[in-house]
Structures are given as C-alpha cells and as structure tokens.
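Here come two complexes built around subunit A, the first alongside subunit B, the second alongside subunit C.
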Partner chain A sequence: MAKGLGKKLITAPYTVWMMIFVIVPIALVIYYAFTDSGGAFTFSNLSYIRDYSRTFLISIELAVISTVICLLLAYPLAYSMSKMSAFKQQTMIMLVMLPMWMNFLIRTYAWMTILEGNGLINRAVRAIGFEGFHMINTNGAVTLGMVYNFLPYMILPIYTVLTKIDKSTVEAAQDLGANRFNVFKRVLLPMSIPGVISGITMVFVPAVSTFVISKLLGGGKTFLIGDVIENYFLGNTGTINYNVGAALSLVLMILILVSMTVMNKFDNGETAGGVI
Partner chain B sequence: MSDNHLIELKNISVSLGGEQILKDLNLYINDKEFITLLGPSGCGKTTTLRIIAGFLRPDEGEVIFGNKKVNDVPPHKRQVNTIFQRYALFPHLNVFNNIAFGLRIQKRSKEEIKDKVTEMLSLVNLKGFEERDINSLSGGQQQRVAIARALAVNPKVLLLDEPLGALDLKLRKDMQVELKNIQQRLGITFIYVTHDQEEALSMSDTVVVMDGGVIQQIGTPIDIYNEPKNAFVADFIGESNIIDGIMPEDYVTEFAGQRFKCLDKGFAQNEPVDVVIRPEDVDVVPLEKGMLRGEVTSVTFKGVHFEIIVDVQGFKWMIQTTDYEEVGNKIGIYVEPDAIHIMKKSKYSGLYGDYSSFSDEIDLLSDVTYEEGDGNG
Partner chain C sequence: MKTLSKIYNCLVFAFLYAPIVVMIFYSFNSEKSRTNFGGFSLRWYAELFHDTVILKSLYLSLAIAVLSAVTATIIGTLAAVGINSMKGIKRKTYLTVNNIPVVNPDIVTAISMMILFVFVITRVNGLEMGFWTLLIAHITFNIPYVILSVMPKLSGMNSNIYDAALDLGCPPVAAFVKVVIPEIMQGIVTGFIMAFTLSLDDFVISYFNSGSAAQTLPVTIYSMTKRPYSPKINALSTLLFTSVMILLIIVNLRQSGANKQRANANKK
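What follows is the complex of A and B.
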C-alpha cells in the first residue's frame, strides 16, 4: 500500500540512525567485552571488575552524594519558583539555563581556577589574614563539580511537574482541613515524585560515569570508573585494551539499568500506595 | 428568623485585577437550606462561593458564620467543604484514600476511617470501588467520589461549584435528583452555583439570581419564576415576552396600544413599566376573538409543544402552543389578567424579551456556556 510505504520511508532515516548510533555501538561493546585481543570468546575481561571494585564503589558513592545534594538544593528552589509570578518564573528559568550555554569543559576549568591553591577563594581568604585551604584535587571538589554541572537537570523536571499540578487540588486539600505542611506532605510532594525520579536519573547517570570532572577537579587523586574506562580506550599505548574497557562499560551500563529499574519501581509503588 | 442564619455576607465588595466582581453584596443563608446562586458567566457567583470557602478575602464587608466574623479564618479551619467544578480529586491516591484524605488529617483511627469511607461509598453508590484508580473512573463516578470526599468530614455546609457542568444531560438529571436526596437525608446546607436555570429551579429551596456582581432577586423558585423583579430575571429564568407599557391606574395596564386588566397595583399614574408575559400563558384564538392580532413568522416543533413567533405591530412574541400554526397565518392572542406581570423599569429594560433577534440570543447563550468553562464565573 502506498500509504504504508510512505510511512516506512519517513521513519526509515530514524531507524537507520538508531541502528548505526545506538544498536551497533552496544553490539560492539558486547562483542569486545566477551573477546580477547585475538578475537576469541572469553569471560576473562569481566574478572578485571575485582581490581576496580573500589573504584566502582567510589564512583557510586560520589554520584549518590552529588545526586542527593542536587535534590536537596533543587527541590526547594523548584518549589519556590513554581509559586512566583509568571515573569519571575521566566527570569529564574533563564538564570538556571544560562550556565548551560557555556561549554561544559570551560565551566569545569573555571572551577579549577576558583579552587586552586592560588585560586580566587584562597587569595580572598589570605587577603583577610587567614591561611588558605586545600580544595582542588579532593573528592569534595569533584562532588562540587558534579553538583554544579548537573543541578539544572534536577531543577527543571521537578519545576515542570510542580507547575503542572492543578491549583484546585491544593485548594481541595486545604478545603479538607490540610494546613500548609499537610498540603505539601500529602499532595505536592507525592504528586511531584515523577519529576524527582527523572531528575535523579538525569543527574545520577552522567555523574556515575563522568571522567572529565574527576580529571580536572580531582587531578588524578580521585580516580573514577569513567577515568578507568577512558584510560583503557585512550590511554598510553601500553595500557590500551578495548576488551577490558568494553567489559567495564558493560558492567556500568547494567549497574545503571538496575538502579533505574529500582527507582521506577519505587515511583510506581508511591503512586499506587499513596501516603499513609 | 435571624437566629436561623448559618452564614451571613454583609456588604461584601471584591475587586480582582482592577475589575469589580462583587458590589456591596448582602446575603444570608439558613441552616439546612438548599440555596442556589444563579447567573451568567462573570456575575460573581463563583467569587461569592470562594469567599464563603475562604479561598478569597473580600476587600470590604464581613463574612459571618454562626455569630463569628471569619474573614481571617483560612479555608482549612472552616467548617465548609467544596465540590469543585472539575472535581479536583487527588490523582496519586485511589478512591479509598481520596475519601479518607480529610479524615486522616483529623487523625481518626483506622477503623473509624474505614467505616466512614465505606458508609460514604454506599451513600454515593460506589460500593466496591475502594481500590480503583481515579483516572480509571468515568466523569460521573469521579463526581461521586468528590461528593463522598467532601461529605466524609461531616461539613455543616457543602459548597458546590457547577458540579454537574461536565456531565451529559441524562447523567446530570440523575445526579440532580441524587444530590437533592443526599441533602435532605443528611440535613446539611447546600450552597450551589450554576448558570443552568432549570437546575436551579428544580433543586433549590432558595434561588439567588445574580448579574454584574449584584444580587438581582432572592426568592423561592416559584416566586422567581412568577414574580421576576426586573427584565434580567424574567429573561434569564425561562422565556419571557417583555413589552413596554404604562400603568394608567391600579389593576390596569396599557401596552401595544390597548388596555388590559392585571393584578398589579401601587404604581404612579401612567408610570412606564415592563410587562412580562410567559410564552406558555398566551392563548392562540381565532382572529376576531383576539385581544391582539398578529402574523406567525416562524414555527419550531419542541416535542411537547410548538414554539411560534408572532409579529404583533412589529414586536415579536414567543408563544408556546399545542396547536400547529402555519407561517403567514393571522391569529388572535388572548392573555388572562393573572398571566400579566408588571415590573418597574430597570437598567435592563429594553435589553431582553423581544424575539425579533432570537438567533442573537442563542449566540449569547452559547457564549455563556463557553466562558463558564474557564471556571472563573
């Protein structure tokens, strides 16, 4: 049928695109993960996970801490934004988005110059007569970089969900005797969970796999799983090993997939069970 | 009489965004009364309801519950509950938890909550719906959950903001009967907002007709229909022919160049008045027996009767008759003295009651329904 053919022709480019840039790379990752340098099938690459279990744990730990800090910062901000006048809301959205117009690397370099031994903060602190702090190349600096870079991805989905909540549901809750605390606890918070979930996803996934932030702000002291994988693909000629890199990537992907599934289960449970 | 007042609104004025919504409104509501605020979009009826609920604070005037001024009491501390226009159910909670919402806030025991929710569900004929998701319910079922949720906390007063507006005609008729039954069974005060005059007439003990932020008339449905105070009320409630006339003396009125007996008195001699004659009160008679004579210009079949438009000396009358008349027929018109209702002239005189621009009026009516959807009526 002509109509069916037309539809197929329209979707064809996307199908091809998805094949080339999503399916094929994943297939390649899986292929490399289960082969040795000669191309023979093997499980041995996966055994490297034992060597990097500590790195995995630190990556997850820092990603979780950053995600929690992002959530704690973003929720109150998104909540108060949703209550502002239309003009103020637009201004706030602009301010949240503004840093994202600048390149990610430049933003992170900027933090280097702020946190360095002779950086902005330390110079200011010394100027008023105190000793400087050691800030760069610590886990704290890496966490700060993650929070700074990923915060907008937490604010925006929560803000969107909060503004979409029908005002009359809030009025209905007040009408049934709910004071401000109860309105928040029993209506706004549970109804905004979907936004929180997508915010967590959008912060946790890039945070757990980052290697640029840890490299620039961690200076080699904080070595995350992203850095390990990068090294296996782009390191010195001696350390390059696509097979181990692919295996570690695969494990990371599965890890993220599992945590996202758990998160979504939590979301469904919340909406169905209600707050009691 | 005045000890029976549950709620009093005294000299209430409200402006929103520079526009005056309510002007010096005075209203009292009796205990256990079914009172309806009726009027077109923008007449201030929903605003009045929101003032009683506490969502809006009047710029001037007093809101009194019992004998206490409650202007500054927030909504969650008032003993009134609201059925919202679009129900405003909690989408993250199932039917049981929606109805239990108010009870949980009052920190009632688990057994008490369960008993009350079960009782409410059977009151609104939704037994067995406890675990259902709100979004899986039909409009009528959601409406019932909203009613159950509001009644679960034993309010003294239930406020209903066009609660049946989103339902289809058949369901609306059923719910009208059901709401009236619930109100009588529970013996609580209902304050009902609607722009549907038929709904107002069939359910209410008292109807408050509003327009332009001002109460036009308060009375029983029968009073409002039979004795409208001005051309606006006469036109908004049912169909009316409103004719310019004068009162030469008591019990006599003059319009269309002729004198008629009527039952009204107390006007100044030759005072200009509006004469209201309901379409169903006009008898079609043979030409020579008519008090007035006219020519049929249109006929519409309405099921129970025909609605015919008759041109009498340039003024178009609407007449409801069970006998078919052909367009172009010359007919006589006969009106009994008790079918003639005399009103004082008002700012609405001349705006309504002439059916020569009948189609325009239909446009006007559909506008009303459309704007009402905004929920700011």
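What follows is the complex of A and C.
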C-alpha cells in the first residue's frame, strides 16, 4: 500500500525516533550497569542484587499476592458482566473504567484517609466500641493499594475474551449433557485463558515495579525494588548512583521478560490442551 | 444465584468507588482535616483557583498532552503504513521494538530516557531537564500506542482501493490522503485519544524526566502528597473526576443514540 509513497521515507521519522529514544537508552542502561562511575568495565554493580535480594523477593511476593486477589475478584464480575444485556454491559464497562480516568496518585492518596490510624475505618470501628486496627504503613495496605489500582486491568481483558466466546459452543456443551459447572470448567474457563494471561501481565508488571503505592501506603516501611531504583536516580545527592540503579533496572527488566515468556508458553500450552 | 452475583458486583463496585466518594465528600469540608467533617464549604475550591503552582502545572500537562499526542499520531500513522507493507524479519523487528515501551515497566522506560538526557546534558553546555525532555519522553511512550491502534485498521483494509486510485491517475500522496486516511481514520482517532489520555495521566515517566523547572499536574500532586495534608487535592480531583464523568456520559449517550437510530433504520 505504501507503493509510490517512498516506503523508507514515511517510516524514517519513526525509525530515527525509536533508535534514539528507545534503543539507545536501553543500550545506555546496559552500559551503565556494567561500568563504574569512571566508565571502567565492572561486575560490581550486579553484586548489589545480593544485597537487595530480600527487596526483590518482597516486591515479587506482594505483586503475586495482589495479582491473585485481582484475578479472584475480577473473574466472577467479568463473567456476570458478559451475560448481561448490551446496554447493561456498556454501563458496567463505563463504571469499571471511570475510576481509571482519575490519576492513580489521587486514588491511592484517598486510601490514606480511609486506612489511617485516625481514619474512617478505625473511627467506625471505635464508634461501635472496638479497638482500632493498625492498617496504614503495612504490607497489607500496599497490597490493597495494588489490588485497588490494577483491578480494572484484570476485569477488562477477561470480560472481552468471555464476550467473544461463541454462544453456540456453550449450547453445544449443554446439548451434550454438560451441567453448568462442567460448561464452566471445560468450555468457558479454558477458552478465557488468553484474557486471564493478559490480565495477569497487566497487573503483575505495574505492581512489581511500583514505587508510589509503597511510598504512600507503606509509609517507607515497605521498601520495594521500585523504591530502591528511584532512590538511586532521584534520591539525595549522597545516594544517587546511576550505575547501580541501571543494574537493578536491568534485572527488573529481565525478570519481567522471563515471567512474560513463561506466561505466554503457558497460554499456548493451555489452549492447545483445550483443543485436544 | 442471580441475587448473589448482584450483591457481589455491588461489593466490587463499592470497593472501586469508596475512595472516590470519600475524596469528593471531604473536598467540601470546611476544616483542614482529613477525617473531621466540620461542615459544608467551597473554601478549597476557591483556594485551588488561586494556587498558581497547580494551575501552571495543569496548563503544562495539557500542553504536553496535546503536543505529544499530535506528534505521536503523525509519526505513528505514517510508520504504521510503512510497517504494514513490510514483510518477514523486518516487520517482526519493527513490531518488537515498538513493543518495548509498552511491555517495559514505566520505571525502566523512565530511567532509560533519564540516563540518555543526563548523558547528553552533562556533555553539552546550556541544556537542562525541562519542557523539551518531557515532550520527547511523552512522544516516545505515545508512538507505540498509535501504531497499535492504526495497524489493525490497515491490515483490515482492502489495499486494492489504493491501487485503484493510482490506476485512475491519482498521485500517491493525494491517494493516501483521500483513500487511505479515511479508511483508517477510526484507528487514528483512537490512537490520538489514547496518546492524549496516557500523556495526561502519566506520572512515573514525567517524574524522572521533568527536572525542577517543568512539573506536570501528576508530579505536582505527588509533591503535594508529601507535604502536610491539604484538601485542595480533593477539590482538584473532584473537578477532574466530574469533568471526565460528564465527558464519558455524553460520549456514551451519543453512541447509544446512534445505535438506536441505526436499529430503527434497520427495522424500517
């Protein structure tokens, strides 16, 4: 179709732009990760990974927990949405997306009001005569923030996949004697795996790399890998070290790349199994 | 079963909307307290409109969003046409590179660009982080989304009509503007809207690439959350939320109105 338009010419601005602002920066991250502040080659930045192995583990742990909670919360909602009338579906989609249009900083900030020691939940609890809970600045609060912020990213892809399933497939299963549970387990669930997979990646990636949610709801007590990286780039003059920051970012990038490859393999395997 | 799922849905939505309701409620608080409600007042709205820092960052956010979305839409649409006519490894390479900013966590995209900017700034005199680094960063993370929304329209389009226009003597550029663009317009508009909203909403990439001179609205909001509590944030969020809600309702009503008209026309 690009015939006569100069195929190279119309892609040229894009090619140049992506080269300079995507490829070169990633190359620089790798360069910084393997050099010291003087520019000499070194592996010492990578040895920091050992120091931060606990941080990596906590980040992964919280991200996995919130991804699982999102999945458990989202699936039933997406399922019941997919069975509603067209008008209701449209309204529900709007309701799911509306909070996403509000900046996530503001939404996270609002949770502070609710969870604080003197916040709304504790006031309500005390009003009925119980002792308050300590909720803010805990791992639980950070997990809640992750679930809250990323739940729509799980609902939407699962919903989309479920609405695309041909109704006659379900009817065929029913005609062949499958009860509701079996229809779900053997038809709907396997067919919705692609949506589940994209939901998982869309929740896991921002959750594992966040530094804002942990700052606002963890109050500095929950230190995630995102916080560490932020500290190496924008911390106090004493703590800034692009080389170590780049090395940790590189590890984070590889971690996500690997987990996504694994997830995609799982996806292919599952659908293939479903066909057999 | 039906009522059970209804209750469940209500609970999930209560969870999704609880903080938003709380925030709107406390934006009308006459006291400067996060939890004590002293009575109804519009005090924080009045203060909001006198806060030059917030207003300035709002203008900057809008300017960056418009400029980056327009630039990304132009570069992205042209590139999508080019990539669409590519084959084999070349096409695959382009699509893989295109996906890097989409797949990478925001913080990695952010620091990789920051490293590049700092690398250049420390070597060239007179440059610093600010408007231009912000704009470049926003264009960079917007372009892939434009491509992703234009590509499906291109591959779904019949390429013969472009060839037909050429055969009938139309010069390539005119044929592109008159034939191809209208066919893929929907994808271009979707890409533009996505780029605009992503840019307006972005915090992480702006935070690392704005410097102290040019702060977008989310960056300003973030620095406000670190300072002593101010209900101005609530007032600001309430206004933003209401405008988005009204916009969405209008779009939805227009859409369902158009659908009804179409349905009626079909009946006749």
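Basically, the second predicted complex is superposed on the first by the 269 of 276 C-alpha atoms of A that agree within 3 Å, B and C clash if a C-alpha of one lies under 4 Å from a C-alpha of the other, contacts with A are read in each partner's own complex, and residues count from 1 in each chain.
The definition used in the following text is that contacts are C-beta pairs under 8 Å (C-beta built on N, C-alpha and C of every residue); 3 or more make two chains touch, one makes a residue touch a chain.
Because the structure is predicted, anything quoted here is derived from the model rather than measured.
Novice: After the subunit A overlay, clash or fit between subunit B and subunit C?
Specialist: In the arrangement built by aligning on subunit A, the partners subunit C and subunit B fit side by side.
Novice: In the combined three-chain superposition, what is the angle centred on subunit A between subunit B and subunit C, taking C-alpha centres, to the nearest 10 degrees?
Specialist: The C-alpha centres give an angle of about 80 degrees at subunit A.
Novice: State whether A:163 touches subunit B only (first), subunit C only (second), both chains, or neither.
Specialist: neither
Novice: Once the shared chain is lined up, is A:173 touching subunit B (first), subunit C (second), both, or neither of them?
Specialist: In the superposition, A:173 touches subunit B alone.
Novice: Between subunit C and subunit B, which one touches more residues of subunit A when both complexes sit on the common chain A?
Specialist: Of subunit B and subunit C, the partner in contact with more residues of subunit A is C.
Novice: For A:47, using the defined touch cut-off, is the partner it touches subunit B, subunit C, both, or neither? Pick first, second, both or neither.
Specialist: neither
Novice: Kindly classify A:77 by the partners it touches after superposition: subunit B alone (first), subunit C alone (second), both, or neither?
Specialist: second
Novice: Examine A:186 and indicate which partner it touches, taking first as subunit B and second as subunit C; both and neither are also allowed.
Specialist: A:186 contacts subunit B only, not subunit C.
Novice: Applying the document's definition of touch, where does A:96 land relative to subunit B and subunit C: first, second, both, or neither?
Specialist: In the superposition, A:96 contacts subunit C only.
Novice: Would you give the minimum C-alpha distance from subunit B to subunit C, in Å, for the three-chain superposition?
Specialist: 13
Novice: What residues of subunit C sit close enough to touch subunit A in their complex?
Specialist: Residues 5, 8-9, 12-13, 15-20, 22-23, 26, 34-35, 75-76, 78-79, 81-86, 94, 97-98, 100-101, 103-108, 111-116, 118-119, 136-137, 139-140, 143, 154, 157, 159, 162-163, 166, 172-173, 175-176, 180, 197, 201, 203-204, 207-208, 217-218, 221-222, 225, 233, 236-237, 240-241, 244-245, 248, 252, 255-256 of subunit C touch subunit A in their complex.
Novice: What residues of subunit B sit close enough to touch subunit A in their complex?
Specialist: Listed in rising order, the residues of subunit B that touch subunit A are 53, 55, 74-77, 80-82, 84-86, 88-94, 97, 101-102, 104-106, 133, 149-150, 153.
Novice: Note which residues of subunit A are touching subunit C in the complex, please.
Specialist: Counting only subunit A, the residues touching subunit C are 1-5, 7-8, 10-11, 13-15, 17-18, 20-26, 28-29, 32, 73, 76-77, 80-81, 87, 90-92, 94-99, 101-107, 109-114, 116, 118-120, 123, 148, 151-152, 205-206, 208-209, 211-212, 216, 226, 229-230, 233-234, 242, 245-246, 249, 252-253, 256-257, 260.
Novice: For subunit A, which residues count as touching subunit B in their complex?
Specialist: For this pair, the touching residues of subunit A are 166, 168-169, 171-179, 182, 186-187, 190-191, 193, 270-272, 274, 276.
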